[in-house]
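There's a structure below that I have some questions on.
Lettered A, B, C and D in written order, each chain numbered from 1.
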């Protein structure tokens, strides 16, 4: 199980901000993104249309070949609009 | 009669911040300054030691040959120290 | 350094008073309050999304950066999240310092950072419904300029 | 534009709240509070002399100048005169504006002006007695720099 977190405009498009069981063939962040696009085309489209930052366990990750570990919290952030 | 006003460090050195009757030979601001120095050497010394602005009836005056009129309010301002 | 996110309305002047109380060794208090504008019917309300935990951590990091850069460690940030009504305060940034120049710089630059780098997402509800706000080019430009000037 | 001199202590946060109340068309409130420092025994108190009538007029003129220069007409200045105790507010300058940049500029530059051009005279009482404060070279330099930058 991993926890997926969708922020800002992604939040309303996402099926859930919750723990999900990933299929066996989703092992990296890149594979997770592809899986999200297949599962949730509207969300996938929004994520493709803007700069999306990925935060794993509260740290910014830029290397999408990073392998996902059990209990990871993975957040997808659209551009910040500030306070 | 004219009203003399001494501000800041001049205030405590001045004999009075009040209406005074000037002698007949004090007709200009320059003559007034000389008269103050003669009458009140400590004040005159303080005024000579620093930049002194002269305000007549709430307007800055730079021309010390200006003649003094009855009921003028003449203020002597040391450098401002701000808020 | 105090950083707080709140879902509830807050009174910025009350926060400022509490922040500066008893700090009479300081000579300067600078504050910025961002208010939810109420130009009916353009904006009916505002929603700010945040990433619990991460947003606090990032805002604290920005504040620490500014504190170090301007030698101004006494900073306060209070930021609303959730639903905000017109007229309510969105953000308060305040700085206490012995001299006013540091405090002005710290508050101004921290606000610039919050506008561009804080993990916050704004959704405005107007006459045509709700829409998410993207960072403004103006804010990004200001931030770039500030970086260039100060570093 | 509101300019007020007062011989009595004032509550800067209360003034700010009253100044911004009901102004929800404005998005930004910037304020500066100058406090009488109380580093015992260096300063036991402060006295500020003013020239009644003339000082108000001059401070209003400075505020109007800044308002025009930064397109920021909603300015508030409250300044203590007379005897001031450590911890008390000496001056409050606040600006309300639709955008924060004008408000920051207006408050900062108006404070610079007040430090150099306002007809106010400060006397500090310290362990060695009272002494009148001359304008600080630092403030004069800052003012000159601001003039050069902005005009």
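What we mean here is this: a residue touches a chain if its C-beta (ideal position, glycine included) is under 8 Å from a C-beta of that chain, and two chains touch if they have at least 3 such contacts.
As the structure is a prediction and not an experimental result, all values here were calculated from the model.
Listed here as common contacts of subunit B and subunit C: D. Farthest chain from subunit D (centres taken as the mean of C-alpha atoms): A. Look at where the CA atoms of subunit A average out and do the same for subunit C: the two points lie 27 Å apart. One simple way to say how far apart two chains are is to compare their mean CA positions; for subunit C and subunit D this gives 23 Å. The mean-CA centres of subunit A and subunit D are about 50 angstrom from one another, to the nearest whole unit. In subunit C, the residues touching two or more other chains are 34, 111.
Screening every pair of chains for touch gives A-C, B-D, C-D.
Residues 5, 7-9, 11, 50, 55, 58, 75, 77-83 of subunit B touch subunit D in their complex.
Within the complex formed with subunit D, the subunit C residues making contact are 11-14, 16-17, 20, 22, 24-39, 86-87, 98, 100-101, 103-104, 107-108, 111, 142. If you check the complex, the residues on subunit C that touch subunit A are 34, 48-51, 53-54, 57, 79, 90-91, 111, 114-123, 132-135, 139.
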